[in-house]
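Just so it is clear, A, B, C and D label the chains in written order, and each chain counts residues from 1 on its own.
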Amino acid sequence: MHDAAMDWIPRLDARALGDFMRDRFPPGHFTEGVDPWTIDHVGPGSLSMTLLYRPDFLRPGGTISGPTIMMLVDTAMYLHILSHIGPVELAVTSSLHIDFLRRAPPGDVVATTELLKLGRLLANGRVTVRAAGDPRPVAHATVTYALPATAPT
Amino acid sequence: MHDAAMDWIPRLDARALGDFMRDRFPPGHFTEGVDPWTIDHVGPGSLSMTLLYRPDFLRPGGTISGPTIMMLVDTAMYLHILSHIGPVELAVTSSLHIDFLRRAPPGDVVATTELLKLGRLLANGRVTVRAAGDPRPVAHATVTYALPATAPT
Amino acid sequence: MHDAAMDWIPRLDARALGDFMRDRFPPGHFTEGVDPWTIDHVGPGSLSMTLLYRPDFLRPGGTISGPTIMMLVDTAMYLHILSHIGPVELAVTSSLHIDFLRRAPPGDVVATTELLKLGRLLANGRVTVRAAGDPRPVAHATVTYALPATAPT
Amino acid sequence: MHDAAMDWIPRLDARALGDFMRDRFPPGHFTEGVDPWTIDHVGPGSLSMTLLYRPDFLRPGGTISGPTIMMLVDTAMYLHILSHIGPVELAVTSSLHIDFLRRAPPGDVVATTELLKLGRLLANGRVTVRAAGDPRPVAHATVTYALPATAPT
């Protein structure tokens, strides 16, 4: 996707995105107390972040729960879009499609996002989720975000 | 969908589903301490449940967050399928598609599920989410569950 | 879905929709020569149409092919939206999600659509597809349409 | 996606796939008379094919119609899966999600597929569609196929 024709330049780096989340979201929103994730990479058209393991992410059967993975996907795509349009908190998910491909064992989970389109009103991307250290995808999602009319892009 | 040709009979009622969730899921999984939802109706091919409002379900802008709604959708469909196949905890979400249609104001949120197909390996349903007291859908989802080979159905 | 709160009134009836399709789409677009479908019902928030069977709709195995069903779903939702916003040919599908639930035997296929939201920029609906005379759904889809800025709604 | 951990080896090349389609699908199924597509590449975990332009693929507004693109997506993924599991004609689409990102002008359209998972019962992939010669995606889809129990994989 990283064609020269799509020269997306991030405006916010990992630190600025982390500051934004801490400022605007209540503690305990994503999880209690401390942020359980790290933003690992922010680049043109792609972002990766890691959700740090906690036992309460598990579902019966001892694998990472679906809602936990969906929360990670949605957050990763949200941060990815903000990295490109700036700290516009009112960007909202318009639709999300996810396929769960394999069970994720207890441990950290990594989401890698790719922009497919960054339009004036809508942004589209896809997200691949993997267990840390395993190249096989655990889940794959496509997400559409509605951008507020006031966004600079 | 409730055609005579699809005579789905629930095996578990609201009380049995609530007991199942309390027994098998760790406290704090769905939320801290106490179950923040009620199962309002279990019938042939349909189920409705209410997520009771808590301020930490909000996202910036003061509306119910997307991950909260996805957690509700996934839980409602899971309980719906269990009500029909019995307490088979290893049923897992195979795919989920959700369209967010309107912002949900602070307050309780109601999910109503309908079965579309209950097969041997896969179950399909759709879920309509509304803010309590407002007939307009806040979100609409379709969910596919993979049923374990050991399920009685 | 047909709540009083969503008082959608169709502007175009079945005859007007048929005239629109004949005028604006080239012959052979939907199929060769003659229109192979009938619009059976147009009402507030719902529409149903029938795709009349032709052998070249079959795929190996002797069932109606997936692309045929997707064409029907997309056309039904397009006509449904036009019935409510008027003959605005430039409404375009923004996303489509479909679950194939059962194989459809050779024969007519019926699509029933329901509006979920008719906004200024986007319209959302869901479509249930059945083999004529069988209440069990063959496929279920959700469709998002982007409405041109010039649309009267 | 082309990790060493996922060493998918195609069993059928482009010629064998073309022969399969000509043998098993009726003339006029994909289009009248002659096959309007070429298979450009078959490799481990990826396939690309081109739909050759015909005027009746257009919709009002002069762009390639949605059903045409969905037919291409579904066919490309079907051929991709067959290239890996062999000529098992009864593989059927289980679900398909597509986002239409840009209008495709009159001209050839190229679909590139990537496998995400090739399981015993289900195969998952994603498909990026582009207008020939333009790197920007016109559409992006994820597709799930149900594999017949008799498939060799």
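What we mean here is this: contacts are C-beta pairs under 8 Å (C-beta built on N, C-alpha and C of every residue); 3 or more make two chains touch, one makes a residue touch a chain.
What you see is a predicted model, and the numbers here were worked out from it, not measured in a lab.
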{"item": "Proportion of interface numbers common to chain A and chain D (over half same, under half different)", "value": "same"}
{"item": "Copy-to-copy rotation for chain A and chain B - C-alpha atoms, rounded to a multiple of 5°", "value": "180"}
{"item": "Chain C and chain D: spacing of chain centres that average the CA atoms, whole Å", "value": "24"}
{"item": "Gap in Å, rounded to a whole number, between the CA centres of chain D and chain A", "value": "28"}
{"item": "Where chain B and chain D are represented by their mean Cα positions, the distance between them in whole Å", "value": "34"}
{"item": "Multi-chain contact sites of chain A, meaning residues that touch two or more partners", "value": "94-95, 97, 99, 144"}
{"item": "Footprint of chain A on chain D - complex, ascending", "value": "1, 3-6, 97, 99, 101-102, 116-117, 124, 126, 128, 134-137, 140, 142, 144"}
{"item": "Of chain D, residues touching chain B in the complex", "value": "94-95, 97, 121-122, 144"}
{"item": "Interfacial residue positions of chain D with respect to chain C in the complex", "value": "24-26, 28-29, 32, 55-56, 58-61, 65-67, 70-71, 74-75, 89-90, 92-100, 103"}
